[in-house]
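I've put the structures underneath this note.
In what comes next, chain A is part of two complexes: it sits with chain B in the first one and with chain C in the second one.
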Partner chain A sequence: MSKHKTNRLKTTKLIGPMVDKHWADLRTAKKRGEMVAWCSGPMFIFPYAMGMKCHFMAGYAAYAGGRGAADDLLKIAESEGDMLDTCSYHKAHMGMAMAIKKGIPVREDVILPMPDLLITGRLCTEMSHYAEGLYRRMDINVVGIDTPPPVNESLIPNLEKYCEDQVRGSLIPRVEEICGKSFDYDRLIEIMAILKETCILRNECWEYFKKIPSPWTLWDYGVSIAPVFYMMGSPDAVPYYTQLRDELAERAEKGIGAIEPEKYRVYWDGWLPWGFLGQFSRKMTDLGIVPLVGRYPWEFFPHPETIDLNGDPIKEFVKQVYSNGGLAKQNLPNMSLPSIQKWVEEYSLDGLIMFSSKSCRMWNLGHPDFIKAIEKKHNIPGVVIEGDMVDSRMNSFGQIDTRLEALAEMMAARKK
Partner chain B sequence: MNNIKYFAGIDIGSLFSKVVIIDEKSNIKAYSVLQSGAVYKGAAETAMNNTLAKAGLSMGDISYIISTGYGRARVPFADSQVTEISCHGRGANFVFPEVRTIIDIGGQDSKVIEVNKEGKAVKFAMNDKCAAGTGRFLEVMAVSLGVDLGEMSTLAEKSKTDVEISSMCTVFAESEVISLFAQGTEKADIALGVYRSIARRVTGLFGQVGKKEKVAMTGGVAKSKGMVEALEKSIKTTLMVPEEPQIMGALGAALIAREKFAQA
Partner chain C sequence: MDKKPIEQCMEISTNPYDYLKKWKIDNNKKIISCFAMNMPEEIVFASGMIPVISWRSDEPVTMGHSHLATFNCGLTRSFIDDLLKEKLDFIDGIAVNRMCLQAQGLPFLLEQASKMPYIEYLSLPALYDDKVSYNYLIEEFKRFTTGLEKVSGNTVTDDTLNNAIDIYNKNRGLLSEIYELRRKNPGIIAGKEMLAVVHSSMVMAKDINNTLLEKVVEELNNRKQTLSKDDRIKVITYGGLCQTVNSELLDIIEDLGMVIVDDDIFVGSKYFANPVEKNGNPYEALGNRYMKKTPPCPTKGDYRTDWTDYIIEMAEKNNAKGIISLMIKYCPPHMCYYPDIKNKLAAKGIPEILVEVEHEIISFEQVKTRLQTFVEILQGV
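So, the complex of A and B:
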């Protein structure tokens, strides 16, 4: 019997119906004569501004994983030739596409209409495979937007310009051609305004991670991530985050923790284990471990206050990917280590969990280096946990349990 | 009436179950090492009863029991559980107080642990999910060579030529061994190649944790002289090996049991 309990937030219970509606609308879009875009990066804001229904790669994989459908999709992709350790997000899509093409039965709620346009944000090499695979097998229109991670700050102006040129020179003309009308800059600004307001509210919520005990966990933020990303511009986004902020304020005022009693406060690096949040959550709650902050969830528009709604909207959006943001910057260890070190103090962290996805090399870069550097400076322990975002075969909970328990033992030894 | 208090540590590993009983001065009263089999609960009871019989004690004489190892949750009579990472660290540091780094190659995993002067784990690295670099890997390789683990070590001493064997996957490595046989490679060279393959994997983990002298090796694999030598060569450090390396996890668990009882 655990000595610790979870206090679920009321507000996060609202997210399920919102997300379900989003995917249901997408599934039926073609029947209503609407066009559909699939995107693997933040650039879906551009087709979205043109009224296209937009799908976001990681969001879909997380959705399919959360519904227990990922294993079937991955199996189909592998039977069509994708390798076991290829990005599981990519494979979930290939599996879905091949299920449609060959009539292989899978759950209906994870079948999406084939897109009129695929925008691949090439942050890693897997994204090129993703685009190539879908283009070759499904003959889909593809626009690739390179968003290379900067090795250092001095490269950012050039990369920003490169990204902006791709949006102006190839993405927008292509979207205009497919939609048969001029690009709707007013709608783009409108979406950015909602995004800005939502992310400012989100940042107010994020501040509550600093409270001891913390009134919410990183998992709570994980399930709340859709309105600040793939549902950006949704009319539900601002009311959702307003209610969430108010509930967190009330909890903080009353000293109610998300996990009680709160024993250890930890940083979580890498992807969230979307398909297995419940299993991780139960184990960590049993040990009194509260996951609080992480660079992946933080990468979504961390500085919304810098969005100038009177400026050039394309420039303003690209800045959120580079100079004013985290989307491309957070992926390289040297760019993100200073943030993590700062968070150790700001959020009173006791330990670090590096979630090392077996099918995503990019987010695993630097894990041992992070642990070494932070252990040296802050004297807190860290552990690498192998797994996957949605592929159950990559998660061995016997081994995960041992690593989490060992982390708790090391944190206990250092706290004394 | 016996007023002496006794404490037990029980380490249910994937291949072997180990039990150590100590008295209140941390003297080892008795220990056992038995094969785990498929039913951890049965293995725990058998190993415990066996050790109690050796010590001339009954279950009622044991004041506190800690279980560890992969089967730690399947020991119904344990008072609490502690991971094998903390237990191996504590056991090795008790036997060799100057030790700060411990390499443990167990049946299912291999790990490198850094401990503080009290023997508490402060850092560790473990192998990933593949069995390459573990005791199980060594067993599979020994079967392929048609020798037992003791013979494999003696065999490796006769090696004259270096042979490379993959350390990425147990199944691939087994296929490689069969191919090497087909090519007429000497058994002795293959045996040493297997040790070097494991040493390469463990050296990577060792680098992640960082060398802090002195370094001990625990776990059943440490009984293999050939393995210890291959590892020493690879990490360029002399390894301290306890007389009975396989029981270090259970010993550490017993020591923690004594400590927990005192705190209760």
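So, the complex of A and C:
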């Protein structure tokens, strides 16, 4: 029996029904005569402003993984020729599209309606490939917005102009054409106002990760990301984060930790293992390991306070992707190593876990070097864990156990 | 007796390290290693340095795996491995462009694995909105130029850039001529020889390579005189993005009774397609070449141009009976495209076989058996 116990938050229990409602609304949108978009990257704010229902690529794959439906979608994709090593998020969508096209039965709660518009935000090049594949197979409307992540700050001014020009020149005219009406800038500003208010509350919640013991874990934040991202503008977002902040404040005041006793505080790099959060959580809890911070979960609009609601809304949004927010900055190792180094001290970390997704070549590059650089500077150990965010065939829990145990032993030795 | 031109190409392609080390000593010029697939090499050349397309070695990756996982492509892993083994000490800088996810992360890995004084990353655009992408692209090219001028100490002028474009266009013309000779005379040059010819262009200074390629044309014209009719089954290869495919594979294909009559691979016709059309502004001319949508390049985000149609057209033009997909293991742009190519070819009744090109582990016997079966299928067509 474990020596450690988990204190679950009351507030995070609310998120499941909110997320289910989001996907159910999307699933049934066509029946209500509503327009549907699919989106990769952060550009869903624009169809939302026009009242379209919108899917978000990574959000959907995570949702399908969390509901235990990903393996079936991956099998359908592979039966159509997709390769084992292809991005599992890409394949989940190809599987869904082929299920619809060929009438292959899949679980109803993960069915997606075919979109009226596919917006490909090319933050990672795979996000482009998925749109290209869907265009070829389903012959649907596509608008591409290229948002290359910067390898250094000097590239940002050109990238912002490039992104802004595409939004004004391609995305907005296309959304107007599909919806048959002028773009709703007032609604865009309203959504950004809600995003700003929600994320400011969220940032207050992030502060509680610094408490020892921490009243919540990275898994708790992971399941709470939707309201600050693909459920952006939802009326449920501010009440959710207000309640979450209040619960964390109460726990912090009483000294209640999410894992008790909290033994090791760790950084988690890469995707969250959406299909296997429970398994990872139990294994880490058994060892007293508490995940607290990670560059992937931190990419979602880290600096909403900089949004100027009186400014040009498109420029303001683009700044959240690049200069003022830095959403795109965390994608490449060059830009993220300094953040990780800063977090080691801010969050009093004892170790590092690099979750290296076998099917994602964006979030695994740099892992061994991150560990070397941080170990040298801060004398904390790290391990690389290979797996996948939703493909169960790529997670070997025997190996994962061994690596987590090794990390715990190394952290114990350094803490003496 | 002097080695024949194609033999010289084979030698340079087999051991580019020694060739370039010696060349550098003899010519006292800086060498910039440029990653595939769409690098504006002319700008590097115009800066007085020599661009060399980055290659993967023929050694298994060992030290490289201390920096990146085994499930990344052979080129990425092998290049880092070569840097760590100090096999690339003769290069003076590295330029990477945004062709895929692995390339996006490369600048960081290169910084960690070497003390290279110059590492540049070109964030090349997707071909979504032609005008916006083009304007952004020209700015990237100019930024690239500024960095190169600092490293080389030379100024890139319109004249030096136009001169480089002329030299590169001549090279493209010569390679096109060699390809045309193969199309008209199947079997005149073996697959691995053709690979070496194109690879020599990627490794050598283009003006020197032009002289060699002129001799290759002459050699092939001489071969033509004695060439007997090749009864082997015509096939085309496509894929092989960013890196050389194993020449042994090409030997197996041809030993089994097939002859490669054309290709759409990177170390092949993709590399030299489309001359730069000069229009007075060399940056715009280079930009126009990048913006071209054929041959289709799955790294450019162009969803409208169908790669399969291009391959089918190539097969039809050459009366090829089958298509061999050469897929670099862990290459997302090709992996994501492949199901659509496979299914469309199958729907049209065009025989196709997939061969995965792996860096370290490749069972040639298994590949041979599969290709033998493919030949039998083609013989029945």
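Throughout what follows, the second predicted complex is superposed on the first by the 416 of 416 C-alpha atoms of A that agree within 3 Å, B and C clash if a C-alpha of one lies under 4 Å from a C-alpha of the other, contacts with A are read in each partner's own complex, and residues count from 1 in each chain.
Assume a contact is a pair of C-beta atoms (placed from the backbone, for glycine too) under 8 Å apart; a residue touches a chain by one contact, two chains touch by 3 or more.
Remember, it's a predicted structure, so these values are computed and weren't measured experimentally.
Judged by the touch definition given at the top, the superposed model places A:294 against neither chain B nor chain C. In the superposed model, A:368 makes contact with both chain B and chain C.
Legend: residue contacts after superposition of the two complexes on their common chain; A:386 is shown touching both chain B and chain C.
In the superposition on chain A, contact is made by A:155 with chain C only, not with chain B. In the overlay built on the shared chain, the residue A:215 is in contact with neither chain B nor chain C. Within the superposed three-chain arrangement, the count of touched residues of chain A is higher for C, of the candidates chain B and chain C. In the superposed model, A:95 lies in contact with neither chain B nor chain C.
By the document's definition of touching, neither partner reaches A:275: not chain B, not chain C. Touched by chain B in one complex and by chain C in the other are residues 368, 372, 384, 386 of chain A. Chain C meets chain A in the complex at residues 66-69, 71-72, 98-102, 104-109, 111-112, 121, 123, 125-126, 128-129, 131-133, 135-136, 139-140, 143, 298-299, 301-304, 306, 329-330, 332-333, 335-340, 342-343.
Chain A contributes residues 368, 371-372, 375, 381, 383-384, 386, 394, 396, 398-399, 402-403, 405-406, 409-410, 413-414 to its touches with chain B in the complex.
Within the complex formed with chain C, the residues of chain A that make contact are 77, 80-83, 85-87, 90, 94, 120, 122, 124-126, 128-133, 135-137, 142-146, 148-151, 155, 158-159, 161-162, 165-166, 169-170, 331-334, 337, 356, 358, 360-362, 364-369, 372-373, 384, 386. Those residues of chain B that touch chain A in the complex are listed here as 70, 81-86, 109, 116, 120-126, 128-129, 208, 210.
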